[in-house]
Every structure is written in structure tokens, then in C-alpha cells.
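What follows are several structures.
Heads up, the next two complexes both have chain A, just with different partners, chain B and then chain C.
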Partner chain A sequence: MKTLRIEGLTAEIEGKPILKGVDLEIKTGEIHALMGPNGHGKSTLANILMGHPKYTVTGGKILLDGQDLLEMDVPDRSKAGLFLAFQYPVEIPGVTVGKFLKRAAEIHMAVRGEKLNVTKFIKQAREDMSFLEMDQQFINRYLNEGFSGGEKKRMEILQLLTLKPRFALFDETDSGLDIDALKVVSKGINRLRGDDFGALIITHYQRILNYIQPDFVHILYQGRVVTTGGSELVTALEEKGYDWVKEKYGA
Partner chain B sequence: MTAVKPDLTWPGRTNEEWRRSSLEKFALESRSAAGPSQGKPAKKLDHDPAFSGRLSFVDGVLAGADLAPELVAQGFLFGSLTDAPALVKDHLARGLTLADTLASSGHYSRVEFGAVLVVPARATAEAPFLIEITENRSGVVTTPHIAVSLGEASQAALVVRHRSPEGKAFTVDSATSVDVGAGAVFRLSELQTHGRAAAVLDHSFATLGRDAQFFHWCAPIGGGVVKTRFDFTLAGEGSSVRTHGLYFGVDDQHKDMRISLTHASPQASSYALYKGAVRDRARTVFQGLIEVKPEASKTDAYLSNKNLILNDGARADSLPQLKIDTNDVKCSHGSTTGKVNEEEVYYLTARGFSKEEARLLIAQGLFAELIDEAPSFLRDEVETLVACALGADAHLGVCQESE
Partner chain C sequence: MSTEMIPAENQLGDDFAADYKFGFSMPERSLIKSQKGLTEEVVRQISAAKNEPSWMLNYRLKALETFRRMPMPVWGADLSGIDFDEIYYYAKPSEESATSWDDVPEEIRKTYDRLGIPEAEKKFLAGVGAQYDSEMVYHNLQKNLTDQGVLFSSPEDAVLNHPDIIKKYFGTVIPHADNKFAALNTAVWSGGSFIYVPKGVHVDIPLQAYFRVNTKSFGQFERTLIVVDEGAFVHYIEGCTAPVFTKDSLHSAVVEIVALPGARVRYSTIQNWSNNMYNLVTKRAFAYDHATVEWVDGNIGSKVTMKYPAIFLMGKGAHGEVTSIAFANKGQEQDTGTKIMHFADDTSSVVTAKSISKSGGISSYRGMIKASPGLKNVRSKVECDALLLTADSKTNTYPIMDIQSDDVSMEHEAKVSKISEDQLLYLMSRGIGEEEAGMMIVNGFIDPLVKQLPMEYAVELNRLIELEMEGSVG
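This part shows the complex of A and B:
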């Protein structure tokens, strides 16, 4: 069992504090949901974990299985087994999905001292694509270029299945998805669910949690995790909305 | 065979075309004409079915030649300038009318060697023709010319390679003239891989007949100072030009590209896509002009120039221009100059790519659509040249160190 532990994390962007002391621990084998109103630090937390250069960490610790994540650069965090499914995956013109995926897989296999077998890789990628109900032609398209919102999110999940990280962060992966796409994306996440995989599902709404049952639910409000519970928290939010959080935890 | 136009002067400091490039660096006045080399007679090359014909010039001499026998029988001509004196004379005279300074007219008074391709009316050559021009001499001005004429409704493709080894300081003043007859389809691809000590002046011009189609691709990779000028004239109704260029500035390279597309009849279309990247202390200049004459109604023209600045200190100028003298046209031009997008770098690094590899991959991606337009047999080589120009040395281990 491995752990991703966040302790007293404070962070800001351009001098504006966003995280004001976040504590959270995720173990492999667990799925956590991080909910909360928009603008209270959910996406910031995801990007700080991954290492986006525009945020400044002002205090606290992030430990990935004891290793100090804040001392690692972005590629090393990825190679250490952390994955971020982007809320807005960028388009990279001229770089095909096939070339990108193969190289990413190669980089991650090299960490384990393995070499990529091209035939095996292509076979697996094709299987994963059909599992995610993606057209095989995607392999020749330029990464995310001209993809619909749903296609971009499926591409994130295809990368997830290819890289098989230890911990994955899903930054509003459900936003902008129709119900069919949401089911497919959830199916992809559920496929990795198991003793060697931990996840943090960041979402504003409960609907993705109808397909992926979280073990723990946290509410991030005004830069802090104000409460942690089980699926009863999701039900409470569904019934009462975020006003209830504001009333109970608002400053 | 040469042509002279009186009353021209050297371009002065205020000459718009030459404002950003130093004429002195081309040493046209200080270096003397290479003159005819004492070459051996051309060797008959073995026929390679991948090509309709091949011509190889080394140091101004035709060193090897081949033309598919069935094309000889159909009346194709593929040989030296001296094989078609009347046609060459006409092309040089027309080239000279486009020259407005001694810098651009010199070629026509000095042409020393070169090639002719004549494609008979209604004939089709499936495989491309290949001309290789290699220069090993130093301290001279060498002046090759290529003249191409496609008869009505004919089809052909020509690949021209200009190259020289590192360390040879010379000037090449080349030109290519093209006539695409009515309904003919021609594809011209030019790859230039001179050494860094070379100064390169190049002028290509093409005239299109009714419904003619001209596909043009160029990659001026090498040379220390490079000034290219393309003049494409859509003279025939319904004709079309698609021109693609990719260019790089590395170390102290200076590259100045000028392309002029003249719409001189109705219903013609032109598409120009040029992309460059600069790093170190290099500078590139792109000047693009779409000119629509009063008679060219229903023109459809598009000109795009994109530049990637890989580090501070490198510079790329982009000067697209429209000159429209009629209504009822669809013309657009665009130009972007910028650095590698850091959000894209973040995305790739979040998948484990190092920052350097991410930047290179993104930069290479910018050129993918232009590499795809290269002749298929050159594509791998061009891909490597592009990667090296973008600074891939450490990753590929195949890039030559320049001096």
C-alpha cells in the first residue's frame, strides 16, 4: 500500500492565497471525491500536486509514499506514478496521438527498467481504444486538435489506461460530458480501481459519483477541507446544495 | 544564352526587398564567376525506377544523367541548358524582366550551367524527376539555372536538391523558371542543404496557364546568408498555386524569404503556408505579397506565415501584404510569431516528458503539416533536418555539428 499525503498545504497565485491549509491522505485502493463550489481551490490543488509553475506553494507538505513531491519537477512526479486528467486538455498540433502515447509509455517503462515492445503496445492501445469506444483512427490524429469535449476526456482516460499510474487526479473530468461519455469515462476509471490504485475525483456535481462509488468524500471550501465523510455527504449536497456548506462552514 | 538589362543599379539601403539583408554578405562583387569547370563528360546513370529521370551536377558540370527510355520516346526532354537554347533564352529574358536591381539581374547575365525539363503536351510522368546540384568550390559565384516547361494538360514532378559541404565559402546565385501550360499539373520541391559558409541567392518564378495547377514546396535549410525570392503569376483563368515553405535560423544564419503571388486573371486561387523557427542569434525575414490585378475577379488567395522563436536573441520578421485592385475577391493573410506555448509544455511534462523533449516535440509538431508535403522519398531526411534545426542534437545523435 502506498500513500499520497497532503499536510497543511497553503498556496497562492500571483500573491492571492487560494489554499489555506489543506490536509488530505489518499491510499492506494481508495477512491476519494473532492467536492466544493467553484473558485474554492479544487483545480488549484490538482495542479499544485502535478506541479504547474504558475502556483506558488507557501507552506505545508506533499508526500508521495514518503517522497517529497514538492522537491520534484513535473516529469519526475509523473514518473513517480502521479497522473492528472486535465480539465482542459491542450491541443498539440502536429503530434499524433500514436507518437505521443508510444513515447509516454516508453518513458514510463524506462523507469521500471523495461523496454517498449511496439507490437504489444499497439495491440494494447487498440484494445483500450475500443474499450473506451473510440474510433481507431484517433491514433493518427493530432493530439486533442479538433477533438470535441468528450473526445478530449476520453483521450485523458486512454492515457490513464496506458500509463497505469499509482495515483490519479481527475480534475472535473465529468464537466461538459453527456451521459454516454460520462459512462465510458467512468468505466475507464473503474477499470484501474484496485489495491494498486488510488484516485482523487474532483467534481462540482455528484453525477460522476453515481458511476464511481467513492470511499471518501471531502468538501473543499475557502481553501480548506472543511468536512470529510462517505456518500451521505454527496446525498446532502444533492439535496441541499452548496448553500448548506456556506451556512455551516462560512466565515 | 545570357541576357542583360541595362540601367539597373545595386539595391540601396531604402530598397524594401533588401532593407533587412546585407548585400555585402553575398560577395557578388568581390567573388568572380566560377566559369566553366574542366569536367568529364556526363556519365549515363543507371535507370532508377523511382525516378523518371535524374541529373547530377557537380561543380558546374553535368556529372550524371538518366531519363526513362519510354519518356524519351514520348518526347520528354531532360538535360543541359544547351539542349534547348531557344527555350532557355526565352526563360532568361522573362526572368530578367522581373529583375529590378543588379542583385537580381546578375543571374541572367551570368548563367553558367543548369538543366531543362520539357514535358510534352498531354504526357504524364508518374515518378518525379530529380536534379542534384552539388558545389565544392570556394571563393566563387556559381550560377545554375533550371528551366521547366510543361505542355498543355501534362503532369510531372521535379525535385531539386542544392548542396555543398561545410567550410566552402562561395556564393550560389540560382534561379528556376517554370511554365505550366493550360490544364497542366506540376509539383516542384526544392531542398537546400548548403554548408554554413555558403551565401545563397535564389530566384524562382512560375507562370501558370488556364486551369494549370502548381504545387511548390521548399526547405532552405542550409547556407549562412540566404535570400530567396519567388514570383508566381496566375496568368490563366482558374489556375492555382499551392506553395509551402519551411525555414530555420540556427547560430548566426540569416534567411530572407520573399514570395510574391500575382493574380492576373479571374477565378484563380493561391495558397501559401510558410513556417520558420529561429534560435541562437539567427534572424529570418519573411516578406509575402498577394497582388490582385484589376482583371482578377473571383480571386481566392490565402497567405500564412508562422514563426517560432526558440530563445531570446533570435529574431523573426514577418511582413505579409495584400495589394488588391479589384472587388469580388476572397483574400486573407495572417502571421503569428511566438514562443513555444508553456501550457503545452506543462501538459507533456505531466506525462513524463522532460521539458526539453516537450519543447522539441511541440516545435516539430508545428512543422508536421509541411513535412507531410515533402516528396515521400525525402520525408525521413527532412524530418531529421527539421529536428536538428530545432535543436534535437542530444536526442537524436544524428545531427551534424556545424562550424
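This part shows the complex of A and C:
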């Protein structure tokens, strides 16, 4: 079992404090949901975990299986087993999906002391693509260029399946997806579910959590995790909205 | 074109040289070297050294007069650093142009070995010409092509042995008075390539010429004439490098292409001159009925390049394509573009220009598309993309469209982009290191263009750009 532990994390962007002391612990084998209203730090937390340079960490710790994540650069965090499914995956013109996936897979296999077998890799990628109901032609397309919102999210899940991380963060992966795409994306995430995989699903809505049952639900409000519970929290939010959170935990 | 890394020599002094692997020089050897500066005597000396007929000498002298009369261009890159009196206009390195590498003088052959030319010739070229300073030192063409009547030689050889073709076409595509540097070239031209492909002959494997400057403060003025007869095809590749000297050099070529009805010509250049070279080149093609001309132009090296490969679509149904990539690094100015003249019905053109600027480098696209009055069904598409790698680099776009017919479809797109933090983060978040991520984005930027090059050159271009990119991100 491995652990991703966040302790008293504070962070700001352009001098404006966003996270004001976040505590959270995710173990492999667990699926956590992080909910909360917009602008209270959910995406910030995901981006800081991955190492986005536009945020400044001002205090606290992040430990990935005992290693200080904040001391690691972005590629090393990935190699250590962390994955972020981006809310807005960027377009990389001229870099094909196939070439990019292969290179990323190769790097991750090298960490484990393995060598990539091209034939095997292509076979696996094709299987994963059919599993995600993606057109096989995607392998030759430029990464995310001209992809629809749903295609971009499937592309993130394809990378997830290829890299098989220890811990994955899903930054509003459900936003903007129609019900079919949501099912496919959930199917992808569920495939990795197991003793060696932990996830943090960041979302506004109950929808995705109907397909991926979380073990824990946290509410992030004004830069802090204000409450943690089970699926009853999701139901409460769905029924009553965020007003009660504001009343109960608002400054 | 080199297929392996060539170690830089100790004499590489200035900071441009650090990344330039072709900066080595050999001891100077010239059987004949003209005095410094440009005089009528120098022109006569060049002509005499080539045993030229008087008609060519007279043409040179006329061009010299034109050169003296014409002012320097007042547009484009900064040329104030050129001192015409400080340049050597002619240096003859060997007695004869050889047809076997064994007959090329040893230290010259060593240069080409280090550049990987003989090896490339064996692997993927149908013919090779190699110019060292002023003269072609080597020319060879596969026998089956010779047998089919293909001519591939120095233009000097053609002046003596095929005067009919030279008289018919030389200076017709680019007249000596076209611009000051065309006049200069016409006065002092030396070396270059002459190609004639007879009717219906397809030269399936590329021909290549490799231009090397070895003498300090030297001007290389090669002259190329390619005539492709009806329904014939040729792909010609040109590569260029020079040692890094403390004094600037000048390369001012003229390239004329004639694509007769139904012919197709592709001309690819990867220019990797050292960063002390003024590279001022005039290139133009005439495309007659249903002929196709393609310029593929890579500008990686030089201090200043001004080059706008042009296509005059002279006949009905003619098609022209210009695909270019420029990389302007520290201290470099790449002023490139194209000129396409639609003179006939049903003509079409496609221009794809990409530039990358880094560390203060300036790249400019200067393009002119013109359509004469009263034409039918003319189509043109221009796309220029610029990528800025650092905040201090610059890019400019100067498109001119002069459309005098109604039945014309024109598209023009220009885009400037930067490598974004988000793109880098995205790739890095999948384990890819920062430098590699930057490289992937740059390679991706030029990918649609590199795909059009023969594989060996695509690899070479990618490698050159990788060298330019070293240490540039992060």
C-alpha cells in the first residue's frame, strides 16, 4: 500500500492565497471525491500536486509514499507514479498521439527497468482505444488538436490506461461530457480501480460518482477541506446545494 | 549533408560557433586567387581562368556596370556590414573538376568526408556536385542517367560544351539587372550547377550539390541553371556550410529554373552557413503549361539571409509550391519569403512558411502574390506561422497581394505562437523532460513541412534544429 499525503498545504497565485491549509490522505485502493463550489481551490490543488509553475506553495508538505513531492520536478512526479487528467488538455500541433503515447510509455517503463516492445505497445494502445470507443485513426492525429471536449477527455483516460499510475487526479474530467462519454470515461477509471491504484476525483456534481463509487468524499471550501464523509455527503450536496456548507463553515 | 556529428575545431572563437559543427576549416589553398575587391580586371581574370567565349565575358562586364549603378536595397535586412572592397571574389582550389572522389585533392576530399557527402552519394543520391570556394571540384552522375541524356555539370562546362542551351536560357529567368546582387553574381559567377533533363525523363533519385566556403573574407557566387524539358522530372538538393571566421563572408547565388510544359521540378535547400555569412540569393522559376515547380527551403544558418524563391506561372494550368522553414537564433536575421506571379489561367499556388525565432533572432516573412488582369480560375493559398521561443526574439510578416483579376480565389493565414507554459507542463506531466518537451513542440511545429523532405533530409533538418535548440528551454 502506498500513500499520497497532503499536510497543511498553503498556496497562492500572483500573491493571492488560494489554499489555506489543506489536509488530505489518499491510499492506494481508495477512490476519493473532492467536491466544492467554484473558486475554492479544487483545481489549484490538482495543479499544485502535479507541479504547475504558476502556483506558489507557501507552506505545508506533500508526501508521495514518504518522498517529498514538492522537491521533485514535474517529470519526476509523473515517474514517481502521479497522474493528472487535465480539465483543459492543451493542443500540441504536429505531435501525433501515437508518438507521444509511445514516448511517455517508454519513459515510464524505463523507470521500472523495462524496455518498450513496439508491437506489444501498439497492440495494447489499439485495445485501449477500442475499450474507450475511440476511432483507431486517433493514433495518427496531432495531440488534442481539433478534438472535441469529449475526445480530449477520452484522450486523457487513454493516457491513464497507458501509464497506469499509482495515484491519479481527475480535474473535473466529467465537465462538459454527455452521458455516453461520461460512461466511457468512468469505465476507463474503474478499470484501474484496485489495490494498487488511488484516485482523487474532483467534481461539482454527483453524476460521475454514480458510475465511480467513491470511498471518501471531501468538501473543499475557502481553501480548506472542511468536512469528510461518505456518499451521504454527495446526496446532501445534490439535494441542498452548497448553501449549507457556506452557513456551516463560512467565515 | 552530414549524417554524423562533426567535432568543432579549436579555432572556433566567437560564441555563435559553440553549436556549429561545420565550423572547421582547412588550410587555404588556391591555385588562383583574385586580388581583394571588385574591379573589371577581376572579372576579366575570372573569365580568362575559365577560357570563356567572349559573349559570356561581355555579359559579365555589362552586369558589372549594372552592379555599380544600382543602389543597395533599402528594404529587408541590415546589409550595412558588407564591404565589397574587403571581399575576395575568386579562389580556384584545384586544377580540374573530378568525377571520382579519389581525384579530388586530399584536403578538399577530407572536408567532404567530414560533411558526409561521399557517403550520402552512395546511399541515396543519383548525382553529386561539390563546390569548394569558387569551383566545382567534383561532379558525378549515375551512368543510366547520362545514357538517357541527362546533363549535370558545372555551368562553366555547359558554357563550353552546350552553348546552345546556355545562350537560350542563361539570364532569361533572372536578368542581370533584376537586383543588385543578381548583377553582382552575373559579373563574377563561378561554379554552381547546370542540369538539363530531356523530354519525358524522370530522374527518380535526387541530385545534390554541396557548397562549401573555405577561404576567409570570401564571396561565393555560384550560378545554377536547371532546364527540365517537357514531361520530365528532377529533384535537386542543395546544402551549404562554411567555417566560422572572425570576418564576414558573402554568398550571393543566382538560381534559374525553367520547367517546360508538363515538367516537374523540386528544389530543396538546407542552408546551414556559419553565422558570419551574408546569404543573399536570387532564385526564380518559370513554369510553363501544366508544369509544377516546388521550392523547399530550409534556412538554419547564416548571419543575414535574404531569399525569396519565386515562381512565375507562365502557362495555363501551371502550379507552384513554396515550403519554407527559417530558424533565427542569436545574432541572426532570416528575411525570407516568396514571390508568385500568376500570368495564366487555371494556375495555382501554395505557400507554407514557418519560422522559429530564439534569443534575439529575427525572422521575417516577405511574400508577394500577383495575378495579372483578365485571368480565369486562379487559386492561391498562403499560410505563415511563426513560433517565438524566447521573449526577446522577433518575427515580422509583410504580405503583398496584387490581384487584378476577378476570378481569383485567395487565402492568406498568418499566425504567431509561443511555446506555452501549459504545453510544456502537459508533456512534462507525462514524464517527458523539459528540454525534450520543448523539442517535441518545435518538431511538431515544423512536422507538416519536414514530411515533405526525403527521409535523410528530414532527419538532418530535425538534427540541425535540435542543435539550435540545445539549452534553450528552462
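The working rule: the second predicted complex is superposed on the first by the 251 of 251 C-alpha atoms of A that agree within 3 Å, B and C clash if a C-alpha of one lies under 4 Å from a C-alpha of the other, contacts with A are read in each partner's own complex, and residues count from 1 in each chain.
The definition used in the following text is that a residue touches a chain if its C-beta (ideal position, glycine included) is under 8 Å from a C-beta of that chain, and two chains touch if they have at least 3 such contacts.
Keep in mind that what you see is a predicted model, and the values were worked out from it rather than measured.
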| item | value |
| --- | --- |
| Partner chain in contact with A:Leu84 - chain B first, chain C second, else both or neither | both |
| Partner chain in contact with A:His108 - chain B first, chain C second, else both or neither | both |
| Chain A positions touched by chain B in one structure and by chain C in the second | 50-53, 73-75, 77-79, 83-84, 86, 89-90, 92-95, 100, 103-104, 107-108, 111, 142, 159, 163 |
| Parts of chain B lying in touch with chain A, wherever the complex brings them together | 341-344, 346-355, 361-362, 364-369 |
| Contact footprint of chain C on chain A as seen in their complex | 50-54, 73-75, 77-79, 83-84, 86, 89-90, 92-95, 100, 103-104, 107-108, 111, 142, 159, 163 |
| List of chain C residues in touch with chain A within their complex | 420-423, 425-434, 440-441, 443-448 |
| Parts of chain A lying in touch with chain B, wherever the complex brings them together | 50-53, 73-75, 77-79, 83-84, 86, 89-90, 92-95, 100, 103-104, 107-108, 111, 142, 159, 163 |
